[in-house]
Structure formats: C-alpha cells, structure tokens
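Next up, some structures in structure tokens.
First chain A sits with chain B, and in the next complex the same chain sits with chain C.
This part shows the complex of A and B:
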C-alpha cells in the first residue's frame, strides 16, 4: 500500500466527503477540519477508518494536533514510517 | 457562487427546563435563534459561509449560557474565560458555576449548574454516523456492541446515538473530551433499551455531584 502523505491526503479528502458534511470541491487540504464539520463523532469515526485502512491505531486527539487534512496526512505518514 | 439564502423555516422557540438535581438546560434550533450579526453576503464562497455559520452557532450557544446563568441561577454574568480550542467552556471567577454546550446538525443544547460538573450532548436524526462500524468499534465496549447488534437497523442507530450522547456528556462533564476513551464510559442495557421508540434528537444531560454521575434525558 502506498502510504506517502499525498496518497493519504487524497484518501482523507474522500473520507471527509463520505461523511456527508461538505461537498467535494468546496474545501482544500488546508481547510480546518473543524470548519468541515469534523466533530467528535466523526473524529472517532475517522480514527476507526484510519485503523481499518492503515492498520494504525490512533487517538481522536490526533485531529487536535493535526487540524487540517494536509497536516493530518503528514502525521499519519510519519506514524506509519515510525512503525515500519 | 454559493447560494446562501436560508431555506424556509418555521422558527420554533427553544425549550427550557431544569433537572431534578439542578441543571438548567435549553434546547432548540440554533439556526432559528435571533442573531444580531448580518448573514454572509450572497457572493460568499463555501468557506465564508461555513465560517459564518460556525461563528453564529458559537454566539448563540454562548448567549444561551449567559441567559440561563443570569435568569435561572440569578447570578451576575461573570463572562467566559479564555480556554484552548477543544476545551470545555469555563466562566470567569470562582463562582463554582459549570456550563456545557453541544450542537447537532441543527439542534443546540446548553446546560448550566450552580454546583457540580455539567456535560450535555445532542445528536440529530437520522443518526447516519452510527451506522458506521468503524465508529461503533471505537465508541462501544464489547457488551454494548453485542446488545446493539441484536436490534433492527433504525433502532440500533438511535440506540447507539443515545449511548454516544451519554458517553460524550460524561466526558464533557469531566472536561476530558475524547482524550479519554469513550469505551471506558459504560452504558447499561436498560439505558440502551430505553432509546427504542424515541423521536427527534437524542440528547443527554449529565450532572456529576461528587462520586455520583446523574444521567437524564429530560
């Protein structure tokens, strides 16, 4: 599986759209996740999805430390590299 | 260009109440609440519209807290303290008043109490998120998941939404939020079963008084 940050970023964009809070094309990777409706329910959902996709367990507070899609993608890529 | 006209809406006034342990709460549609700020201009893009909505929701929530504190607790308004993002709202001074604010897709819920810790949470229908296994796995203990698995789909989603509002309200009361694993906040089978037949938003008011955690769905 390709786990570079740009691939993860594209996957995260797809997840945010799938959660149904925003339309595709209405945000950028630098848009704050909070602005995209990523509340605690969806933060926890995203953690579960990250676990399923990358076999990587993360705490929902990761979205506090990485508050945009781009930042979060780099955070996940870094953790995957550290775990490899 | 994004259309920003609000859809036709019949404003319903918010409803208020007080729990048997003294939590004053208000619940209603924040989009229907009065707000002195002008709406986004018609040419605003999606970013501007989203930011304007977030700010409006925040203003309405804070105004409702202020109104409950002054009108129901009879306290001169102390003001909000500055806290970090994602932290529980805190009032200035040492008055011991605790407050909590939650919002669903359109429903806003606030709670205030003169003593103890308060946590509130609301989730709006149709509870679509609670049909996602990735969420259920991260929010529920094994026995909670086993119970939910026995339910028909629509009932299961409402039941899980209620379970979530309880867990989230407890975490918010203690001020931890998701820094604490919600699976550690256990919801009994009787509480889960009580969600069946419910209508409208699922919402919970939690009042922590010493060691006691009082859960109400007033």
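This part shows the complex of A and C:
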C-alpha cells in the first residue's frame, strides 16, 4: 500500500466527501476539518476508518493536533513511518 | 485513634491486606445508629436540615487516612487497587452521602496530575497526603456541560495569570486548592484549554474570592460554591500537563472519576434498602410485621436485586480500570449511567412500601431515607450527567458494532475473581478517548451465558444476550449525529442494561462460592430484573426470583448481615 502523504491526502479527501457534508471541489487540503462538517462524532468515525485502512491505532486527538487534511495526512504518514 | 489502629490501615500491597483495610475502615466508622459513632445518622439528618457542613465526620475520615488511597503508590500513597478506596467511599456513603461527596472530590481534583505525571504529580501528592482538600474547577455559570465553552482564561508566560469564575464547584470554599480548566489560547478547537493547580496558599489571596454556597436539593450540607479569580498569578510549574492539553487530560480523568462515583450510589442503595428491611422485620403493623406479606418479599427482593446490580457494576468497573484500561472511555460511561439510574429506580420503587416514612422526619430510621433519596439524585448529575454519559455510549456505537475480536469469557471472569490482584496502578498511557472495539465485557456476554451452563439464571441471561445482539445491530445502523435522536439514547440505555448483565454474571462467577445457592439466587434475581427492564420478560415471571431474594435479605437482616456480590470478599483470609 502506498502510504506517502499525498496518497493519504487523496484518500482523506475521499472520506470527507463520503461523509456527505461537503461536495468535492468545495474545499482544499488546507481547509480546517471543522469547516468541513467534521464534528467530534465524525472525528471518531474517521479514526475508525484510518485504523481499518492503515492498520494504525489512532485516538481522536490526532485530529486535534492535525486540524486540516494536509496536516492530518502528514501526521498519519509520520506515524506509519514510525511504526514501520 | 491509637497507633495500633494506624498500623492496621498502614498495611500493604496484597489482596489480603486490601480486604483488611476495608474491613477495618468499616469497623472504625461503626454503627451509624450509635450516637457515639463517627457518622451517626441522626446527626447527619440534623446537619442536612440546617444545611451545615459535616465537619466532624470529615475530620474523622481524614484521621482514618482515606486520602492516602487517592494517591498512587508511585507518588507516595496507598493506591494500587481502585476497589479499595471505592469500598471505603461506599462505607461512608451508606452512612451519609454528603460526607462521601465532600471527601471523595479530592480524588477528582487530583487525578489529572496522576495522568499527566511529571513534577506536578509530586506537588499534588504532597498536597493530598497533607490532608488538603482539592476541588475540581471545570464548570462555569451558564455554560452547561460542554467544557469547550470554558471562558476562564489562563495567560501562560513567565507566570500563569488566571481570570474568571468556576461555579458551582464542590469544596470551592473549604478546599485548599482547585484544579482549574482555563482557556489558554484564542484559537478555536480542543487544544485551547489548559489545566492549572491553584493552591490558595501560593496565590495572592486578594486575587481570589469565594462565591456563596448554593442551596441544593440533595447533599444540602456540602460546600457547593465557587471561586472567582481576578488576575490570579500562579507559577508555571503548577500547570497540570502541557499547555493546550487540558481538555484531553480532563476527558481521560473522567474515565477514572466516573467509576469512583459509583460507590456513592451503591452506599445510598445500602442505606435505603437497610431502612426498608429494618422496617419490614420490626414494624408492629396490624397482622404482624410487613415481612410476612408476599408482596413485601417481592418488593424488597426487587430492590435488593437492583442494589446488587449497582454493586456488581461498581466492582466490574473497578476491575476494568486495571484490566481493560483502554476501554474505560466506554466502560466509565456505562457504569456512570447505569449505577445512579438503577439506584434512583430502587429508591422510587421502595418509597411506597415505606409509605409516609419515606418522607417524614422524626420517625425511627425514616429521616435517613428522605435524605438518601435526595442525595442520590445528585450523583446522577455531577461528573457528566446521565444524558452526557448516554451520549458517550451513542458515540461508541460504531466501535461497539465493529466485527468483534473473540473474547474468552473465562479470562474476563478470572480478572473479576475475589482473590484476583490488580496489575498495580494503571498505565495512564493506555487511556484512550475512544475505544477500538467497545467493551470486552459486552462482547463476552454470550460466552458468559455459556459459562452458566444448566443454571436457572442462564434463562434470563440468554434473553438478555439475544436482546444485545438485536440492539447492537440497530446501533450499527443508527445515524451519526452530534445531536443523537431519542431512539439512539434509548438504544444506549439498553446497551447499558446488557452491560449490567455481563457485570453481574462475571462478578458472581468470580466469587468464592460461584456455584452456591446464594450466588445463584442473587444472579437469577438480578438478571430477571434486567430482563424486565429491557421488556424481554414480564414482571410476573420475575416475582419468584425476587421473592426468594427478598426472603434471603430478610433472613440476613435478622442475622445482622447484608447481601452482597462481594460476599466472602472481606471475610476471606
């Protein structure tokens, strides 16, 4: 599985659109997740999705520390590299 | 208290010593009907009527050293097994819930420092071991349960400068220190709050003002007041954890404090049931004591079953803190919802049996009941009210419904065994804001039912297990929403009841006489009652097991005993 930050970023964009709160093209990787309708409940869902996709255990605090798609993608890539 | 008594309480790390500590603590508190005891019920009722703080009782509990069990061993205290302070708090609460609430809050105020560690843990430990009450300054006037609305500010530089008001806060006035949640950044989001320890002795008194005591419905004597800080300057070393990590620390603290509040309700249940049983065996009613009436046995038995369920959930939650630390996000909410809720129910249902005695003062044994009925309502409110806890369960629907890891029910039972030692103080690094797979206790329910084999109690247990299956399927399909529907709240409540069944079975199977008739009678009545509450068994079908339990409870009362899922725990060698 390709786990570089840009691939993860594209996957995250797909997830955010799948949650149905925003349309594709209406946001950038720098838009704060909170503005994408990603409230604390969806943050929990996202954590589950990250775990399923990357086999990586994350707590919702990852979204607190990485509040945009770009930052979050880097955060996930960093943890995957650390776990490898 | 003599030096010899201290030696008993000073004893050490084995399960056996833990039992002795709890037994000795209970013995020191004495019979509350005795005016010379530490917490006599008549004095408690009088103080409550006058809304006076129970200062003598608190001083006596300080003298017994309960605060030492709030501090982990690594920081110089006695805390190794959460069940020990929980059972001591229960012993106090069964006499006077106000005293338990006033003393126990120090654990709430301190626990954040045990989670973050670092030098602040040493400072906090010294403060608690010195007997200084610590309060927990989370809420603010007009801002509800959502801590992200916190308006008190902490400007962090060479010093920390605090501005704002914390209200209503237990022990805000009499407390020596308060752990304050404050906004340390203008940036929106959960990393904008910090925790700061305000030791009143180390802050300019002119910058602190206490706010008047609030008149409460229950625990009327407690110091429920507030603290205003006006440019109060605190050393940066008094930060509890990193700047910006306050909300995370609080959310993790709540996972430990919520189980710690369950013995308040369990003690309240002990008190309420004790009044009813005593009335049943002694009342000189026409035609003999009420204990002879069949409806009495069933009413009392149902209340006793509810009390035992509350106790079993308390014990299981205490064990899970050590054995399933990573699942406490969910377990703490399940327990904090179910225990006060169940005890409220038993108090409401037993009140008509007591008749006017449930409301009156000045009738033997009656003043205590009306006080405990009001006091327990408070437990359901603080540290996250019932709706907050149900919402936490709703948020976990996704993890509860995930394809499950197989769980070995016999391993779950093994960690509930009466002689099971905890692994020692828990690793706070294992606390998570959300679980990965819900609770192993919930997942173990079908396996636990199998372990019951041919026992009668397996029948209601199977009904509850299939109800859990159904409810988890529904939860998996429930819409995700920041404001869950009433339907989701109802599902969360049903999951909590099923969790209660798991706790009851696991704790009973972990007892020293798991196969005995007494254990089976307790378990059958608890499970029948849960099945009735879930609507999968009609009340008439549950009356036989309730009546049997009622008989056992009446017999125990005549012998000066009390039924307990921990039967044999304190007495065992």
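Things to note:
In this section, the second predicted complex is superposed on the first by the 84 of 84 C-alpha atoms of A that agree within 3 Å, B and C clash if a C-alpha of one lies under 4 Å from a C-alpha of the other, contacts with A are read in each partner's own complex, and residues count from 1 in each chain.
Convention: a residue touches a chain if its C-beta (ideal position, glycine included) is under 8 Å from a C-beta of that chain, and two chains touch if they have at least 3 such contacts.
Owing to the predicted nature of the structure, the values given are computational and were not obtained by experimental measurement.
Once the two complexes are overlaid on the shared chain, A:35 sits against chain B while remaining clear of chain C.
Between chain B and chain C, it is B that contacts the larger number of residues in chain A. In the superposition on chain A, contact is made by A:65 with chain C only, not with chain B. In the superposition on chain A, contact of A:27 is made with chain B only, not with chain C.
In the superposition on chain A, A:45 contacts both chain B and chain C.
The intersection of chain A residues touching chain B with those touching chain C, taken from the two complexes, comprises 34, 40-42, 44-45, 47-48, 51, 59-61, 64.
Looking at the complex, you find that chain C touches chain A at residues 188-191, 248, 395-396, 398-399, 402, 432-434, 436, 480-482. Residue ranges of chain A in contact with chain B, taken from their complex: 19-20, 22-23, 26-27, 31, 34-36, 40-45, 47-49, 51-52, 59-61, 64. Per the touch definition, chain B reaches chain A in the complex via residues 2, 46-47, 50-51, 54, 85-86, 123, 128-129, 132-135, 137-139, 164, 168, 177-179, 182. Every residue of chain A that touches chain C in the complex is listed here, in rising order: 34, 39-42, 44-45, 47-48, 51, 57, 59-61, 64-65, 67.
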